[in-house]
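Letters A, B and C mark the chains in the order given here, with residues in each chain numbered from 1 onward.
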Amino acid sequence: MDFEYELVVPEFVMAGLATLIVAVALCFPRLRQELLGYGAAAAVLLLLVLTAVFYINVNDDFANIIAVDNYTVLFRIFFLGIAFFTILASMQFAADRLKNHGEYYGLILFATLGMMLMAGARELITAYIALELLSFSLYILVGFNKLNPFSNEASLKYMLLGAFSSALFLYGLSMIYGVTGTTTYGPIDPDGVEAARNIATQLGNFGAAIPDPALPAAADVRPGLIIGLVLVVAGLGFKVSAVPFHQWTPDAYQGAPLPITAFLSAGGKAAAFALFLRLFAEAFMPASAEWVWLVAIVAAGTMIVGNLMALQQTNMKRLLAYSSIAQVGYLLVGIVALHADTLANSHDAASALVLHLVGYVATNIAVFAALIAFYNRTGRDDIADLRGLAERQPFLALTISVGLFSLAGMPLFAGFVTKFILFQAAADSGFLWLAAMGVTASFVSLYYYLMVIKQIYLYKPADTAASRLHVPAPMTAAIAVLTAAVFFIGLYPTPLFKAIEHSTAMLFPGA
Amino acid sequence: MDGVGHHLAFWSLAVITVGAALGILVSRNLIHAMVMLILSFIGVAGLYLLLSAEFIAVVQILVYVGAISVLMLFAILLTPRAARDNAETAMRYPGLILMGLVIAATVFVALETDWGAVREEPVAESARIIGQSLINEFVLPFEIAAVLLTAALVGAVALARRDDEDIDAHEQSLTLEGREDSGGSS
Amino acid sequence: MPEIVLSEFAGLSLPDWIDALIRIVFIVALMTVNALALIYLERKILARFQQRVGPTRTGPFGMLQSAADALKLLTKEDVRPTSADRWVFELAPYFAFVPVFLVFIPIPWTETWIVRDLELGFLYVFGVLGLNLVGVVMAGWGSDNKYALLGAVRAAAQAISYELPMLLVSVGVILIVAARLTVDGGSAFGAVNLNVIALEQTTTPFILLQPLGFAIFMIGALAELHRPPFDMPIAESEVVGGYFVEYSGIRWSFFFLAEYTALLLLVVIGSTVFLGGWNFPFGEDVGLGLQVLLTIAKTSAVIFILFWSRAVLPRLRIDQLMAFSWKVLLPFSIVQVLANAIILAYGGGEWIIGITSLALLLLLIGLVYGRARTLSRGAGRSLNKQPARPRLITAHDPAGGD
């Protein structure tokens, strides 16, 4: 068997880079710690550019296990961007509050590698191992602030529940394998060669007018398939923190070092959704009637519970945790909307989901970067501590406000456009009730976002002696870029949407 | 796969596996639970043997019993007050009901589904087939698993390593007595 | 591959279960005789090293001493501490004993004398042998005795640490066997079969190709067996008797039986993998008798070396012992495996492997020797020095320290 290793060069480079950073930190303990961060960020940026240059429209696959199509490449670029901004936002924080910088940056890169592989995997075992690579790195990063008991607690909770959910996911995968006898997702690999045996084809009798006698009859495999799907949804639900599997989220977000909270809420979720979308669109599409109600209920519950719980939070990290749970609810609507009459509608839903994901991640990292800059100076993260931030640091105040408005889905900002397209896709697919619920939930969310903005703009600083806060130049630049991106997506989403549509087309070869 | 011997072996292994698993739940003593867990692992290894997956069976023993269980036992031995029994919990009966439901659902699913066995006769030289798949079509997952282990190792060391400043900070909070205990290993 | 079939041997054909029964009885007898003989021999040999004569009274040359001891043990009261965890305490000896018993299955005593010729024999041996740690830990915990617990923790730590280098150097041998098996496009399946490994050594035993491997394997075996200089888990002066300090009578003798059987088994495996087992130097055609003799001779020689090391080497400290495995043996064994893999993959001759391994072994010896010299030189001087980290004195003085 000959392999096209050149297709997965970015992944290999990433693994090498992560190991290299750990090794450099180990061998040169006297090296200035900032250099590690700058080096990692520069390397990631370079890799991002090179990936964009060399891999767009490649459309091939590695042994039918990793697809390197536009969908993968889009997410590769996206994840490398997340890693870049996370490392940039971590620099000051890590220097002040963390030890073992080499391992810290190395694990961020390992996690990013896991994310990249999750987006590309079109085989269950590979997807699972990539997911575990991401999860393991995150368990450790969440507990990286060793001497902080909250960090330890967060890491332990996250790890125990994460291990439990991985087991559920794996058990679900084994059921799917049992029913279909294969672990490959879809029939057509990008070469156009028919895979010998694959999940989508094996499930072909679901919803088919004339059953194919060569394939397992739908009625015979339904119980096993449904329990498998329930377990897969539960396992992935844990990873994306959908209700009722969300309990770990606020604690993990609060205890983790702030940059890692940002990484967790952006990268972890985005990667889980990249896997979710490819798995459900490529493999489980024929049986979509079997899982759509399950996901719809989870989505509705997530939107409601996330927003209602967010109303009563006093800590900024916990607020953002519940806000991210609410956002997961909206994103799950996109998965539900895959179940449509025409393939074109499914394609629209997938594109809308990815667009909202990109908008949400850009916004969330912007908000978190501003919070990190604030936290670096003050060491505080309660909502009440933001009081009078507009006077102390107008730039951060503006960024946080822009981000929160965007998360709430106000016009002008990314959140409005992306949500609009997402709910429209849901309505087109026949889930008007979910779209209506999403819109209502967005209005509720406006309340708690506005409470924060009220603290920032309407009150004087609690401590009158509080001076202006200094924000280092690289941080300012990073925040400015992200805020600009939020505006850009909000005002002119067409180029991004076109690119996403082009990439998600890979998931629906017939459309 | 007929014959009295196979049935006898299957049922006795099944009883060992499930019985030991129940023992883990019932026992309030950590070490007893661990011993039960080990028995259960051995039972599962036996079941793999019956499915003529010798390699998986041996690896199950080598990894789960020889390494993981011993490490867990080790951790329990090093934990202060590990000898105490676990307390009663109010979740006992709800848990039992839930367990009953899960078992019922699993049995229903197992019996009702057409599992479409891929092959009937035992696979000869399963170790060779596994080895060849790992370096052929599954080479990439195999390599990702290696990266995963590296990441876990790096992370575990980063978390477990005692930095000098940590030790100083830690010692500040210790009594004279405790300090003597922690001194030897650094 | 012909197996030992006692029924054929006697010219009869017996049902399977009687055949199995005969083999089990044979193993049990071998275990008992082996333990009795080894205990007697160890006492005699140690006595020689220490200018004594050892047991002389019971039977000719004191040969019945072990039997008398065994009789005494069987009739002794089986004491259980009141605070012990009853089930764990009483079951522990069996958990320690049964795995060792099971290891007998794939051992090739001669070409055909194998209880059952397992294709995954080598993996099986290490998988099953690892189980007896569970018994050791159970004994240490169940006795409710601090010394027993410490001994068990030490035994577990030591066994886990030394199993890794042992397995890795054996992988080095397995790589060579696999390379030979695949030379004509054959399948490498069977390279972990102990008998196949022995069959490959008709002309050169693997000790010549893997001297480092043999050294590490034997060091690991010493540590696995808790024998001096690695007998920290049962060191009398530190943890009284280790994990079986509370045991007496028949249960205690189970531990002893397990220990001496494991000694025999590890040595036989070591001599099969590295010394050519029944095969070298006479080849396959010499008949059963000579093969048995070869096995016995090689085994006895290695066992004698193990007894010898007990007589002349001092104990290691527990932290030195762990550091030696993780920081010295493990890296060396990894380098050995990598070197073998690279040389074989690029078609280098086996003699290159031998030279590499020898060079690594010399490097290892040099390292250990150099380290020992620095330590012994430093020991005299450091008496006048302050301890490196005066913890107690500077406890309340933040300015103090190194």
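The rule we apply is simple: a contact is a pair of C-beta atoms (placed from the backbone, for glycine too) under 8 Å apart; a residue touches a chain by one contact, two chains touch by 3 or more.
What you are looking at is a predicted structure, and each value in this text was computed from that prediction instead of being measured.
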- Message: Going by C-alpha centres, which chain would you call the most central?
- Response: B
- Task: Averaging each chain's C-alpha atoms to get its centre, pick out the one most distant from chain A.
- Result: C
- Item | Interchain centroid distance [CA atoms averaged], chain A/chain B, Å | 30
- Whole-Å separation of chain centres (CA-atom averages), chain A against chain C: 51
- Compute the distance, rounded to whole Å, between the mean C-alpha positions of chain B and chain C. 26
- Query: Once bound in the complex, which stretches of chain B touch chain A?
  - Reply: 105-106, 108-109, 112-116, 118, 136-141, 144-145, 147-148, 150-152, 154-159, 161, 163, 165-166, 169
- Note on the structure: Counting only contacts in the complex, chain A reaches chain B at residues 1, 3, 8, 15, 18-19, 22, 62-66, 99-100, 103-104, 106-107, 110, 113-114, 117, 123, 125-126, 129-130, 132-133, 136-137, 139-141, 143-144, 146-147, 175, 178-179, 181, 216-217, 220-225, 227
- Query: Which residues of chain C touch chain B in their complex?
  - Reply: 85, 87-88, 91, 95, 118-120, 123-124, 126-128, 130-131, 133-134, 137-138, 140-142, 149, 152-153, 156-157, 159-160, 163, 187-189, 192, 319, 389, 391-392, 395
- Once bound in the complex, which stretches of chain B touch chain C? 29, 31-32, 35, 38, 42, 54-55, 58-59, 61-62, 65-67, 69-71, 73-74, 77-78, 83, 125, 127-128, 131, 171, 176, 179-180, 183, 185-186
